[in-house]
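To keep things simple, chains are lettered A, B and C as they appear, and every chain counts its residues starting from 1.
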Amino acid sequence: METKTKSRVLQEFQEASKTLMNPALKKEKDKGAKIIGYFCSYGPAEIITAAGMIPFRIRAIGSTGTDLSDAYLSNINCSFCRNALNMGLAGEYDFLDGLIVLNNCDHVRRIYDNWRRKIKTPLVQMVSLPKKISDPSIQWYYDEMKIVKKAIEDKFNVKITDDKLREAIKLHNETRRLQRKLYDLRKKDNPPITGADTLAVMVAATALPLKQYNQMLKELIDDLSKSEGVGKAKARLLVIGGVLDDPEYIKVIESTGGLVVTDVLCYGTKNFRAEIDEKMKDPIAALAKYYIADRPSCPRMFGDQLRRAQLVKDLVKEFKVDGVIGQRIVFCDLWAGEIYMLNDDLKEAGIPFLKLDREYIMAGAGQVRTRVQAFIESMGR
Amino acid sequence: MIVGGCDIGSTTGKAVIMTDGQIAAYSIVTSTTRPEVTAKMAMEEAMGYLGLVSMDELDYIVGTGYGRLKVPFAKENVSEITCHARGANWLCPSVRTVVDIGGQDCKVMSIDNKGKVLEFVMNDRCAAGTGRFFEAMARALDCDLEGLSKLALEGKNPAVISSQCSVFAESEVVTLVNEGRELTDISAGLHNSIASRLSSMVRKVGLVADVALTGGCAKNEGLAKALENKLGVKVVHLPEDPQIAGALGAALIAAERVQQREEVGKKA
Amino acid sequence: MSKVDKAILDKQLERLRGDKTLLQAFVDVLSMDPSEEADINRFVLKTVMDKYDEIMNCAENDIPFMAAYFANCPEIFTAMDVPWWIFLQTPFLGVSSPFLASDTDETEKMGLATDFCTVLRLAMFYVEKNLTPKPAGLIALLHPCDGTVVIHQAIGKTKAWHDVPVFGADSPYWDDERTYKYYGEETKRMVDFVTQCTGKKLDIDRLREVCKISNQTYQLWADYNDLRKAVPCPHDWTIGPPQCFALACYYYPGKIEAVDWFKKLVANAEKRVKAGTGMAAGERIRALWFDILPIMWQFDISPWLEQEWGVNIVMNMFGYTPYEPIDTKNETTMFRGLAKRSLSQVPMIRQARGVADNFLGDIERIVKDYKIDCVIWPGHMGHKDGNASIGMMREKCRELGVPFLSIGLDLFDKRYTAIDEVKDRISKFFQASGLGQKK
């Protein structure tokens, strides 16, 4: 099954997902734009945009190995972190003017310590992310956002005004609305776009100048609304799990005849399920509320597992999903636990569930294919 | 109705031909490096037993196994997980847990009374619990596979092999041999360690009797015994060579397809 | 009498009773040794057994008790007179060693990934199989690692504990006043939770008394740590950081028994320092073992290190807790002091939480103050953040001019890296570094 539209825009999205730097981003950089990288969904990208800079989510696509990072991280650390740090050490991230790291997990939080000692990014800033959802923790994150804002202002001699923040929020919300529209097209019995291509589109949002991205995505949605479906899928799948930024992985899953129609992923549904409240007077308060309370949480958020499981069940209904695939990068404790807990919830709800371990760099396609194929067959399809 | 199933594994290729719901012929050939060559060899050997000359004489062929995408004459490919489950169930309808031990991987399936897979767990990352492991151990004990199994059955005081990895287990075995441990005890220990691994996989999908072994290593009596001890239930013997379970399952699915087509044809 | 069905209760207390029996055997052996040192150790073992008794008594008589941690301001439980324990205690101590391997295998069958920290998997197993008595409430520890955040959510889904109320105090990443204030407030909420679960209230004056005693304990601990700087170090592997941690942080936080014990410990150490008495085998290498050493590993590694290589682990992660006395002026200062203690000053938490500068600073301090010859990072498989710091540790040690060894093992599963393999690596390391040569 293939996305039938020959949209030029889709090709650009696909290219952006295959590399770190892409032509559009390079153009901006050459014009003098500053790029600030961030390591996790809790970003916050809006503050970077409000500073007049381009937010760039850190990936390790195209990494050729970990021989540089092996001196710092061990072979029982997450391969995403190992490869990302390696690319940093190899100079592939020299285009960054700043980097924001959050303590979202044990592996990433040490990236901060290693990166600032070894890689010459002008500003390397850490954010302390709460571990639960409560009024005090929202307030904590609010204060952390102010600290980050000030750090960027001081380092780059810019002023991030409330108005600029409001504009940035509007821009990012626009992205969210468009992405939601894109996903809505996949509710159809014969969706016009594959899961692999959708992931490419979602990843591209974190690597392209956003105004441009929104324009392109509008065009793509128009295209897709008029195009043919990808074909009859053997099974409609939902993928959930840890950081997944490589459309190749979804492609392998879909080579079995299954079609990924939705997801609960960092680069997926989580980004647009909720929106930032544009009516709140204090834009930073709006950010804090969105990221901590409203956005579907990451497994690191204690006490929210039932809500996370409910999201999966809701999406299964909304998108008429036949089976759920849970994937995690080996050595990830958070997703090991989340998948372990979700297993009970899905069993209870009678939703078929396949659990996969993977490495960040795509390997063992045949093995993934066999498991997914057997999974689909066991659903009687 | 004549249908065929072709199971292309890393070590052997198997083909089963069924006519009117019965096994008419089967073959087991050593795999070459090219799956499409292995498939042809296996299929043609089985066809030879029936005097068949061309693939066209079969109504439908299904391919399975790790080389299943490279079986050019197969109309369809199905995962070996589904096929082993179907095959084992057809051979012995009381089977509810299938333990398949192949050349390079091993898997456990929990199935229903129709042979449909309910849950499965696979180890295709390492050699522990696979044919490769037994080959390596047979070498270390200087015997053949059958000999290895016989030794295990005689072991009175099985050695404890602690290494999970077959490479390190081999070192352990060499040490034990040098220390003068009885070969019977060493072999029994090896079988126990594999049975432990397999029983762990069984418990992950849930142990439901009857349990059957499929795949090349299923013919290892020592392993069957060791597994019975670990699980506390008897391992049933399949009435045909357990190594053909995958190809048999593929043939059964081929038969189903032909049936479905006929029914659709009738309605039209 | 407990409302819980007797058969179920017996199963829940089975492992605790087994542990007690094993510990009693140690106590009996020590009773044959009239030395002061044996006496010091016997008290620690008795303390551990008393904790088992306390919890079993609660379980058998329906007295509410909490499952909590030494990193959640334990002085508060003392002040509220609430019985509590670390339900990880049994697998953590590794005393149930006959069962450890098979229990670990069971966790794999449960479906928990094998790269998940073993001690947490074991804790999960104990709850899933109802092999541990049920508390009136669970304080979820949310720092320092991911594993602990996960396990306390997963526990809430087990059949046995799904109805146990849970509270987690949110712990920020920094070590500054803002952080301590925030965590102090979270701790106040924890107090309310404990009251809901047990009916007991917190009296601020009582808390003041408890904090004063806790301050005394920590002062004595600091005095003892100072004495360990002597060459040779006054105590061998049988007395040191693990016992100090156990009594100060877990068994007697803010209780006079800890003060009395530490006084004896300090007196004994002083005597030995004056006489220049070190460990019997003769100290040739002063090592920093930068992790914890659960009991069963102690027995496998420590005697061998002493006899084979003359190694004295003069400091390890259990023992290094530079601290600030809790200011007992008022409620706010006490909660802030307790917060600082639990986030920045208790062992293991101190080193694993927060930015790398924390533990790198510790390594530097310890190497200098304790005249350390080498630093060993055991590399427990559960410490994902620690293992992501090996490069930085290595560089720090190079800067300090001491050799550094990273091993890679499972502190709770000896099959991960076999003891012989560990000994081999350590031996090669000492040989290559020219350490431990007999004079």
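FYI, a contact is a pair of C-beta atoms (placed from the backbone, for glycine too) under 8 Å apart; a residue touches a chain by one contact, two chains touch by 3 or more.
Here the structure is a predicted model, which means the values were calculated and not measured.
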{"item": "Chain located farthest away, centre of chain B as origin (C-alpha)", "value": "C"}
{"item": "Inter-chain pair with the most contacting C-beta pairs", "value": "A-C"}
{"item": "Interchain centroid distance [CA atoms averaged], chain A/chain C, Å", "value": "37"}
{"item": "Separation of mean Cα positions, chain C and chain B [Å, integer]", "value": "48"}
{"item": "Between chain A and chain B, centroid-to-centroid distance (C-alpha), Å", "value": "41"}
{"item": "Multi-chain contact residues (two or more partners), chain A", "value": "none"}
{"item": "Residue numbers of chain C (touch at least two other chains)", "value": "111"}
{"item": "Residue list for chain B, restricted to those that touch at least two other chains", "value": "none"}
{"item": "Chain C contact footprint on chain A (complex, rising order)", "value": "71-74, 76-78, 81, 103, 105-107, 109-114, 117, 126, 128-132, 134, 136-137, 140, 143, 299-300, 302-303, 305, 328, 330-331, 333-334, 336-338, 340-341, 343-344, 357"}
{"item": "Touching residues (chain side chain C, partner chain A) in the complex", "value": "111-113, 115-117, 140, 142-143, 145-147, 149-154, 156-157, 166, 168, 170-174, 178-179, 182, 185-186, 355-357, 379, 381, 384-385, 387-392, 394, 406, 408"}
{"item": "Interfacial residue positions of chain A with respect to chain B in the complex", "value": "366-367, 370-371, 373-374, 377-378, 380"}
{"item": "Chain B residues touching chain A - in the complex, by the definition given at the top", "value": "66, 78-82, 116-120, 122, 124-125"}
{"item": "Chain C-facing residues of chain B, complex", "value": "162, 164, 196, 200, 203-204"}
